[in-house]
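What follows is a structure written as structure tokens; I'll ask about it next.
Labels run A, B, C and D following the written order; every chain starts at residue 1.
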Amino acid sequence: MTDNTAVLKEYSTIWQVLEENAKKYPNFPAVREKAFGIWQTWTWSDYSKNSNNLALGLIELGMEDKSPVAIVGNNRQQLYSAMFSIQMAGGIPVPIYQDAVAEEMLHVLQHSEAKIIIAEDQEQVDKVIELGEKLPNVEKILFLEDKSMRSYESNDIIGIQKALELGENSTEKTLSEFEKRKKAQTSESTGVILYTSGTTGKSKGVVLSNANILTAASGAISFDKLRPGMEVVSYLPMAWVGDFIFSTCMAPLGRLCINCPESRDTLMTDLKEIGPDFFFGPPRIFEGLLTSIMIRIEDASNIKKRLFHYFMNLAKKIGGDVLEGKSVGLFNRALYALGDLIIYGPLRNSLGMSRVSVGYTAGEAIGPEIFEFFRSIGINLKQLYGQTEAGVFVTMQPDGEVRSETVGVPAPGVELKIGENGEVLYRSPSSFVEYYKNSKSTNETKDNNGWVATGDAGFIEDGTGHLKIIDRAKDVGKLASGEMFAPKYVENKLKFYPNILEAVLFGKDKEKCVAFINIDLSSVGNWAEKENIAYASYQELAGHPQVYSMIEGHINEVNMDISKDKMLSGCQIDRFLVLHKELDPDDGEITRTRKVRRQFVEDKYSDLVKALYDGSKTIKTETKVTYEDGREGSISATLEIRSAKLVK
Amino acid sequence: MFYREAGDFKTSYQSDQATFTLRLDKILFWGLMAIATFVVPFFVTEYWEKSVFLPFFIYSIAALGLNILTGYCGQVSLGTGGFMAVGAYASFKLMTGIPNLDMFLVIMLAGLVTALVGVLFGLPSLRIKGFYLAVATLASQFFLVWLFNKWEWSYNYSPTGQINAPTRDFLGIDVTGPTTAPWATYLFCLGLLFIFAWITRNLVRGHIGRSWMAIRDMDIAAEIIGVNPLVAKLSAFAVSSFFIGVAGALYFSVWLGAAEPTEAFAIDKSFDVLFMIIIGGLGSILGSMIGAAFIILLPIFFKNVLVGYCGIPTDIAEFTQIVFIGALIIFFLIKEPHGIVAYWRTLKEKLRLWPFPY
Amino acid sequence: MFFLDPFFYEILISGLLAGVMYALVALGFVLIFKASGIFNFAQGVLALFAALTLVGFQTGQIPFAHLLSLFGLHATHWGAGFPTIVALLFSLGVMVLLAWLIVQIVLKPLVNQEGIILFMATIGLAYVLEGVGDLMWGANVKELNIGLPEGPSEIILDATDMFIDKLEISAAIVAIVLVVSLTLFSQYTKMGRALRAVADDHQAALSVGISLETIWWIVWSVSGLVALVAGVMWGAKSGVQFSLSLIALKALPVLMLGGFTSIPGAIVGGLIIGVGEKLFEFYIGPLIGGATENWFAYMLALLFLLFRPQGLFGEKIIERV
Amino acid sequence: MEEKKKNNTIMEVKDITLRFGGVTAIEGVSFDILEGEVRAIIGPNGAGKSSMLNVINGFYHPQEGEVWFNGQKRGAMKPYQIAYQGIARTFQNIALFKGMSTLDNIMTGRFTHMKSGMISQVFWKGKAEKEEYENREAVEKVIDFLEIQTIRKTEVGKLPYGLQKRVELGRALAAEPKLLLLDEPMAGMNVEEKEDMSRFILDVNEEFGTTVALIEHDMGVVMDIADRVVVMDYGKNIGDGTPKEIVSNQKVIDAYLGVSHD
């Protein structure tokens, strides 16, 4: 295992890596963006040139040293470049989730006191303008796409092109200032502030130093032996630590080429075109892929279906072993090779994963079926466990030791230990400096010896040394009976069913566990079509008795499964209901990264929870909802409540 | 199924608009070309040369020509036979007139002459459309054939009225006359077909080609975007006739070696070529070749299978064949107006989506 | 002065007579075109097929004798043939049947297609019919005799010492009768009006209460009849053989001249071309090597079209935007 | 909207009269179009609006009257020559090239900008190739502007009506016209399609400063997007002015608004 702090001897900031690449490999592709029908490509020299110009431009526009600058928008060449520009100009990039609604944006902007905002397009600019005088300190807004921005333009709201021009022919004064600021920076100075999507309450600004970033990046590169020239598709929110580390830090350090898709709806085609070597996706992406595969194959001709299922069974049996190079017998190997030609290969191809040498999933536990599926068709999908505070990586799965139920061994330079309350603690050169302007919570999470509390309960598997996560520490509680109560653990098991999108389990300090279920419209809808069940709305489908019975079936299976694990057998679900609306970030019920805000949900739907316990058969309820355009409304419904089988 | 497109992305309009956008197609094509150029010549026999390859190459060129006019520009012509005659006689006069002129130049000049004649007979297309024009083009067919029958100068006053191709060479290699080697004529025609297919591709991907298609799809709309119908249609006639002229020249000089108008360039030649593009695929380069191959191979097939194998009398086989072709035309017009090539496209789509239906 | 030249009149008349024949074939085209917007390239082959069938019935040939011979049946004729009149009726029946088949197999699927597509379809049809005809009755040249008078007509010969073949005269007479009756039919009978209605638009036809198919069938049957007559006449003149189908090619320029939609146009056009090509051949032909009939008609029509694209009597085509 | 400069006239028609045989389609109509404005021509069916457009872009040649463009009197010109003058248009019932892809259709719109000759086309070297890709860039901007990237390579015949309308607009835009004629751009569209189309027309007018003349039935739309309106009825010009003036014009109310509800 290489020492990932070595990198600090060469570089003290990430933009120095960019400059280095521009010098050494000026004409190698650095970043691409699908625009105007083709992949517009920037070489490393283009990349650095643009970054430098913008940096100078920002200074010209009066950006102060050490001041935070906000970035909001989809993954764009220009925005990635801006990250470097801000750092070069001595500032601190503060990326914001592009789909954040105005209020969420407000919090981040107020808290960070960013004076300059670099926004992608009209949509984002509008949000900022909407907040208006709530943001006294905002001075300038730069926008990328001037489509229908004509009417906005003023000397406070300007196109990025102007800023770049300013930079091109900037004054001596600016240039010297620029040099000064660049010199002043050390590996200890702040590299970025990332606002966590905060499962609870207001989001906190995680301060990562240049050292944190560099060590994390170099560690990950060495861990998976990433080679220069590998293609990566950058499609996850720029404000998310994962994308920041992958696209802004690992890319220059490992000289990977990042590719920005044209738009969200073209992601799949863009992904297919690029065929990345390194792919990162949260579980829901893989779930989505698998569902779409299954739906499409259902509509295929009979022969194809047969072939598909035959070879998928084969893959289930031996695919994983083939991937890890274990011996599977000559005949099977031959069969698998055939399958690879007519099923697996085409499948990987149509997923755009023909060339993936390393694929990661994290953020949530992934369903074993899904996980195994992708591995069995020859995609080296692995899990990692991490968090913003750690600069992503806490543990990662090394090749050959990949299992769906663990999250792997400590990442390079990471020390791991389990606190007395079963909480996972870690310490590493990449772990964060502090929460921005929030020493209180900093001290809560990080002790003086640098041990950071993850807030997750888990244990290290003896023998393998792999980490196993049970649930969020504070969510792991006790039932009235004193038995262990680990809701997340159960919820995940439920969510592994394609028909179940979300599940929320209650039972802390109660005798029994009860659950909310959110059905997955696409797959249940598809199922309904096949069963020819007519439905007008999500609500109607969710309330349908047949749907209920189907869900009940799933829950019984889960209960059976849980009962095997005596430690958790108390967590079996007694009664449940299917929610009449999807849990929605716009309503604050789940985070942007789709983590359930348990407490919030429990309060909002207190009437339902009560009903689940008081044994009533149905419950009438009224719920407030926020529509995409921000309008508010409310829907009322009468929900059925069912009981599931408990296993002694 | 065998397509692996992941990672096959385009970073320039050049590559995005390339002839073969899929890596696999490119490989297949060049592989095929390599075999055709470096392997086949060593095995090609007189029989294969004269009754399969030359007819295929030459008719492909003619079909390409007619497809430019009919498939791309939407002007149906039944004068192909006549224009081939022009090409043939032009080449004859050139070969006999300027004995040491390289055959390649002869062919090109013959094409040029035909292009001029084509423009002349294309003039009516400015006033009349659809089958009015189709019928009008018959005029060229009949008039030209008659002309080469009666005009002694055109066949050097030979008493038989027949024209015979003297020995001429391409870069020192005989490609006409009795002394030619199969591989020589094979490569000569293959080369020319390649060139003309490539030219067609270039023309139809540029603004001239688009102006043709615009005229074909909706001439009024074409005019408002600045297409001059006169120029568009006549240029189509010119290019088309050039191709057909070249085909005619090769047909006479390289393939048959001798010709006599009423037989060699009769109206059924016009129909044959028209059928090639209907069956192969209107407005498709590949289609032109598929169609040519089909119409060429069909009689051979009938001859070998029905006559040779089943021992059916020749005349019956012939009639059956006529019926078959006619029925096929009707079938394609009803079922698949885009011809065989459309089936090929669907197959390809399926292979690309495999194992999914969409 | 050429009009003093007795040959001039002889040629003029034989031209007119030929012209009537052209008109007759052209009429077949016009009928179908008016009713179904189809330009039927197969009209000529239709005539050939009709003639072959007639001869077949007359001489009592066994259909598809060739094919049967493959299975060891070597008979080519029944004992005896049918009397001419019966044979004619049978042949007509065959043509009607054929019309029905064509409508069902070819036209119905192609309804509402562009004219050019239909045109090409009829080329295909021509091939099929030619092949089938040959398979049914054999490709050998056949004598056709339905007892029309032949040889130069003495009366005329004595009167004007011009050689005019009786056959041509009687052919002309038959043709004229047919043309007139068809004209009357399409102008004055309910059915005829229905047919013209279809030409204008298909909805109208339906409102007349006759299904499109039926109308097409009738039209194709009628043009089948025309084909039969034409076939018989030409057959009687120069034997029944493939070349007979080429009279279609003769009729095309007539149509371009007269306009595809006009019956009088077909007649006048026919006469003009009949006379024109004869005179041209006689006076100009020798200077340029003769055999000009093949193309004269086309060139004439072509030049004509350049100045009047819609033909003599055709309606003007106005382009709407 | 208001600060748009509308000083100089770009197009003026002076007492145009157009007859088909006996029928008089347009009778002594005159009006002008100012640079940079959105000019609407309204009127009941058969009022001669489309004929007027056809006169402007040269399909019909009026028996009387003059057409002035860019300060010059226009002689009898063929439509394709007028295209070169910088006038593009769309049709009431879509006139796309069904056999071609969206991209190719819009590329044809660039025809007036492509000059390479037959020879360089044949060998696809030099000018031909260079020019092709330059124009592709221009076209891609249009595609991006109209937000039709996803249908770039689909055959237009297979597209839904609304999108076809959009592609046709794209084809006209690609020509970078001085004057853009739209013949009922919103005919047969649902509400939000209409909204989109209106937005595009306004954006075209604002961002590229293109002068737009359009025929439209939907008074609401006209009110929203038109700077000035000409009202035609039975081939005559019966009103001319800002939308406000028009709706208060009694003649117009009788002639047009009265019958507009059929």
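Please note the rule applied: a residue touches a chain if its C-beta (ideal position, glycine included) is under 8 Å from a C-beta of that chain, and two chains touch if they have at least 3 such contacts.
Computed from a predicted structure; not experimentally measured.
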Figure out the least number of contact steps between chain A and chain C, where 1 means they touch directly. 2
Looking only at C-beta pairs in contact, point me to the busier pair out of A-D and B-D. B-D
So, what's the distance in Å between the C-alpha centres of chain D and chain A? 48
Averaging over Cα atoms per chain, report the distance between chain C and chain D in Å. 50
Whole-angstrom distance, CA centroid of chain B to CA centroid of chain D, is 41
Distance between chain B and chain C based on Cα centroids, please, to the nearest Å. 33
Contacts with two or more other chains occur in chain B at residues 12-13, 220
Which parts of chain A, given as residue numbers and ranges, touch two or more other chains? 37
Mind pulling the residue numbers of chain D that touch at least two other chains? 59, 91, 136-137
Mind pulling up the chain A residues that touch chain B in the complex? 32, 37-41, 231, 272-275, 293, 296-297, 299-301, 304, 307-308, 342-343, 345-355
Contact residues on chain B for chain C in the complex? 76, 123-124, 127-128, 130-132, 134-136, 138-139, 142-143, 145-146, 149-151, 220, 267, 271, 274, 278, 312-313, 315-316, 319-330, 333-334, 337
Touch list for chain B against partner chain D, complex: 12-14, 17, 199, 202-203, 205-211, 213-214, 216-218, 220-229, 235, 283
Which of the residues in chain C end up touching chain B in this complex? 39, 66-67, 70, 105-106, 109-110, 113-117, 119-121, 123-132, 134-135, 139, 249, 252-253, 255-256, 260, 288-292, 294-295, 298-299, 301-302, 305-306, 309, 319, 321
Per the touch rule, the chain D residues reaching chain A in their complex are 103, 136-137, 140-141, 143-145, 149-150, 152, 203, 206-207
